[in-house]
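What follows is a pair of complexes built around chain A, which joins chain B in one and chain C in the other.
Up next, the complex of A and B:
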């Protein structure tokens, strides 16, 4: 029986080749466009988020209470030793780093600018989130005597300094006195995290401690083995230590989190609009195909074929077109995404604009299984919806009348 | 009326399914295209306008080397007489002199590095949004002495409020050391974190005394009478400037933002493009179905001597009429929406605020851009797309021989 259904549906599709191929192309090309859009936009947001996570927030960051709002150097993490011990024993923690964070003034002989100063350990940062990968010029270290500084590339441009040039850092220390140190630029970094590129200076953590009179750190940042369990660790940290605040990356970079969410709903809305339109296209073809064969179906029903089987025929016909379109669209779309995930979409022509908004000049597309699941659901719903009215027409038609008509 | 025209009109009337679907889809897509263009252009325009008017201004005169090397070696000298000269141009609405430098502020408990700018308070009211951004206290006046107008975030960092006194140390225009105490007169909030956390302003008259910068400026800001005329005016002004100075319009010194808007526009159109691919196919499919349902009729017309050209004209005429009606309806709806939301800006709400700030936009109200030229252009694009999508079925059905067509099942 199924053989007959398939055979008849297939014969009908082949009889009207042009239509069949047009619908298949329609589904395939809209899927191709949607997949490409989704993968590239996701790639863009993912890169921005990765840049923020790798260069600053990690997946989870711990600060002393009120440090985030007051940015006061005296609000350092008092229980940093205990927290570090706790993190070492926590199975979901992949790695963590500690930093000293404060703001100050950076000056050259002729120019000065406000800056964010980060005291870091280069070894830890390299293994933690490979911060060294962002080095644009020079080296990711502070020289033999640890008197070096790694500075954001936009800041370097503004200050007109290159590798080996001297800068003076001034900042308020723990005793509310203004302290200054002279450093040599050993590296220039481009993280595409705007705040860092425009105003960040990394110096040796131990030197920062002496410079600012600190005994502990202001920020402990953590990468997790399983990010889905972030809330558990957050809660655990908060109950174990009461003098700290814990933020995940989304809380530290709300604009990025928002971008990610907006992009998600944007792509779902696009799917709905595009496939609603596609449904109209498939519907037209199925309706005409049913109307043209009313007589044929009338004969089938007159000789005792159950309506269920006729439904199966129509359904199979439309479903077949949908599946071929889905397959073709996924293949081309997935292939194009794969290409862009390997070689990237090069937007270097706009690199100044992209730098301004913390985006990479080359966007690498993302491919997720959920794209294809969404595509399947969209195609399936479209084909299903498009046969409802034709089937109703068929149901209402009377076999004798249509045969005679 | 030529016979094929009347047949075409009859076909449009009789083939209601196709007519409705085509008109519905094409007018909807025209309306969408017109509105999206108006929305995106409006969004970009308001973003640029807000960003320009907040502080940078439409035209800036600086020393040629200042942008690359903002040191005191590259200042505008004799700036007051230069301003007088610039004002002679009839297209100049107002001007404002600024002197920007960085200092270290110290309150009782905190020290923070920040920008301090000597401004002409009255002129600045017209050339920037500083006065409108007042949050607490008062804006500056031309007679003010050591009063500071400071960004809210910077004030928070320094833990100060209106009426408090803070001190600063910095370098004067003659590279001398300078320091003084300042009284907080007002606190402003533009909504842009970066600006609010790094900027502060004092009256330039007072500033000049402390920083030894009399008759010197880092920037002269010019507001043109017609803001669309900024580039032209900037070029005009360049001609009367001494050779070490340079005049740039916002399109030049905010090039990255302009570029970013272009990029955003490209992505927007790509997204719309995907939607149009489907529309194209759907119209193509419906035309194909409609033409094929009449294939016998076309065969007979051919058999009784109607020429291929006439059949082609007939079918094309149908498509042109349908497309024209569609883009007219769609264009009017789109234009109405563009006009309506131009007068009543779309309020996107607080959930978009963070994103907006990222693009330097402090408000989430977006007026659409009502531009007749753009609307007509979009309608034309849609017309070409709609007629274009019907060409294949028309050509295809015309390629049959009359007998083939009559016998087509």
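Up next, the complex of A and C:
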């Protein structure tokens, strides 16, 4: 029986080959576009988030209580040693670094600009999140005497400084005195984290301590083995140490978190568009098919075919179009995404504009199983929805009336 | 009389209660025995097709009862009616109404498949019926590649293959030439005798009417003549 059902539905589709293939093409191409757009958008967002995590926030950051709101250098982490010991013994912690963070002023002979000063250990930063990978010019070190500075590339542009050039850093120290230090640019960094590229200067952590009169650090950043356990670790840290505040990357970069959520909303809207495209396309084909075959269905019902078998015939037509469109769209879309996940989408021609938004010139696409599952649900729902009206038309028709024309 | 079909006081009114109300059948009373070969005749609009549709459960009765083999078909719900048509009633339409995308074989075995017969059972029965109707050569052909007479024979084979108790044929020879029409009627007569199937068909072709063993004449929705022809 199923063979006859499938044969009937398939023959009906083949009777209108051009229309059938046009609808399949329409579903496949819209799915392809959707998958590509989603994979590229997700890749872009993911890269922006990764840049923020690698260059600054890590997955979790610890600060002294109120440091984030008051930006007061004296609010350093007093229990940094105990926290570090705790983190060493915490199995879910992959790595951690400690930093000194403060605001200051950077000046050359001609220009000056507000800056964020980061006291870092280059070795730790290299193993922790490969910060050295962002070096654009020069080296990722502070020279033999640790009198070097690595500065953001946009800041270097504004200050018109290059490698080997001298800069003066000034900042308020722990005694509320303005302290200054003269450094030479040893490296220029491009992280695509706008805050760092436009205003970040990295100096040696021990030198920063002396320069600012600090005995400890004011940021400890953590990378986890399993990011899903971030909330658990956060809670554990908060209960173990009561003089700290713990933030995940989303709290430190709320704009990025929002971007990620907006991209998700765009994706859902895109799926709705694909859903309607598929529904309208399949609906058109199935409705015409049903109207053309009203007499045939009438005969089938007259000779004893139950309505559920008629439903199966109509559904198979719709299902075939949907599933072939889904398969082709997923195949081409998945293939394109795979290519871009390996080789990236090169948008170097727009690099200046992308730099302004802190985006990478080459975007590597992301492929997630959920794209295909959602696409399947969208197209499958469309196949169901598209047959409701044609089936209603069929249900309302009386076999004998349609047989007699 | 041991009745197989009882049509009792059947009335059919189309568009009842509207300004387009038309009386299709009025107070029809007919009793038929199993295995009868009956023709319904009468002018166009006399109610032949309407009566066949009511007996076949394809249309609803306004008033009265139709009992087929002790089953009141007016009392059946849509699903049971569908089963009744599938298992006990075969239909032959004036315009053949074969499924265009199925081969002759698939058309013939379709109802058997609905009944749940295996492919082997279908094959045996299709060969048997095709031989009786002389259509063995056409089994693999699509209806569009068959002549009108061949298509109607396939339609008869479809109606017979599932071994129904009753075959209803609405002007089965109307689209056929005289020779083919007579051949078809001969085949239907043989099926009626060999398989003891009750056959009711409508026609206004005197040559075809003469083949029947009972002749019921309808006029303006009423039975005006009901005679057994020896």
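In this section, the second predicted complex is superposed on the first by the 402 of 405 C-alpha atoms of A that agree within 3 Å, B and C clash if a C-alpha of one lies under 4 Å from a C-alpha of the other, contacts with A are read in each partner's own complex, and residues count from 1 in each chain.
Methods note: contacts are C-beta pairs under 8 Å (C-beta built on N, C-alpha and C of every residue); 3 or more make two chains touch, one makes a residue touch a chain.
Computed from a predicted structure; not experimentally measured.
Placing chain B and chain C on a common chain A by superposition gives a fit, with no clash between them.
In the superposition on chain A, A:138 makes contact with neither chain B nor chain C.
Superposition on the shared chain A places chain B and chain C such that, viewed from the Cα centre of chain A, they span 100 degrees in steps of 10. Once the two complexes are laid over each other on the shared chain, residue contacts for A:259 go to chain B alone; chain C is not touched. Contacts of A:299 after superposition: chain C is touched, whereas chain B is not reached. Put simply, more of the residues of chain A are touched by B, taking chain B and chain C as the two choices.
In the superposed pair of complexes, A:329 makes contact with neither chain B nor chain C. Applying the stated contact rule after C-alpha superposition, one finds that A:270 touches chain B and leaves chain C untouched. In the superposition on chain A, A:148 makes contact with neither chain B nor chain C. Of the two partner chains, neither chain B nor chain C is touched by A:43. In the overlay built on the shared chain, the residue A:12 is in contact with chain C alone; chain B does not reach it. Taking the two complexes aligned on chain A, the least Cα distance separating chain B from chain C is 10 Å. On chain A, the surface touched by chain B in one complex and the surface touched by chain C in the other have no residue in common. Within the complex formed with chain C, the chain A residues making contact are 1, 4, 7-8, 11-12, 15, 295-296, 299-307, 309, 398-400, 403-404.
Per the touch definition, chain A reaches chain B in the complex via residues 18-19, 22-23, 25-26, 29-30, 33-34, 37, 69-72, 103-106, 110-115, 158, 160, 170-172, 176, 178, 254-255, 258-259, 262, 270, 273-274, 277-278, 280-281, 284-285, 288, 347, 350, 352-357. Listed in rising order, the residues of chain C touching chain A in the complex are 49, 53, 56, 58-59, 79, 82-83, 85-87, 89-91, 93, 97, 99-102, 106, 110-111, 113-114, 158-159. Per the touch definition, chain B reaches chain A in the complex via residues 17, 21, 25, 68-73, 102, 104, 106, 109-115, 156-157, 159, 171, 198, 255-257, 259-260, 262-263, 270-271, 273-275, 277-279, 281-282, 284-286, 288-289, 293, 351-352, 354-355, 357-359, 396.
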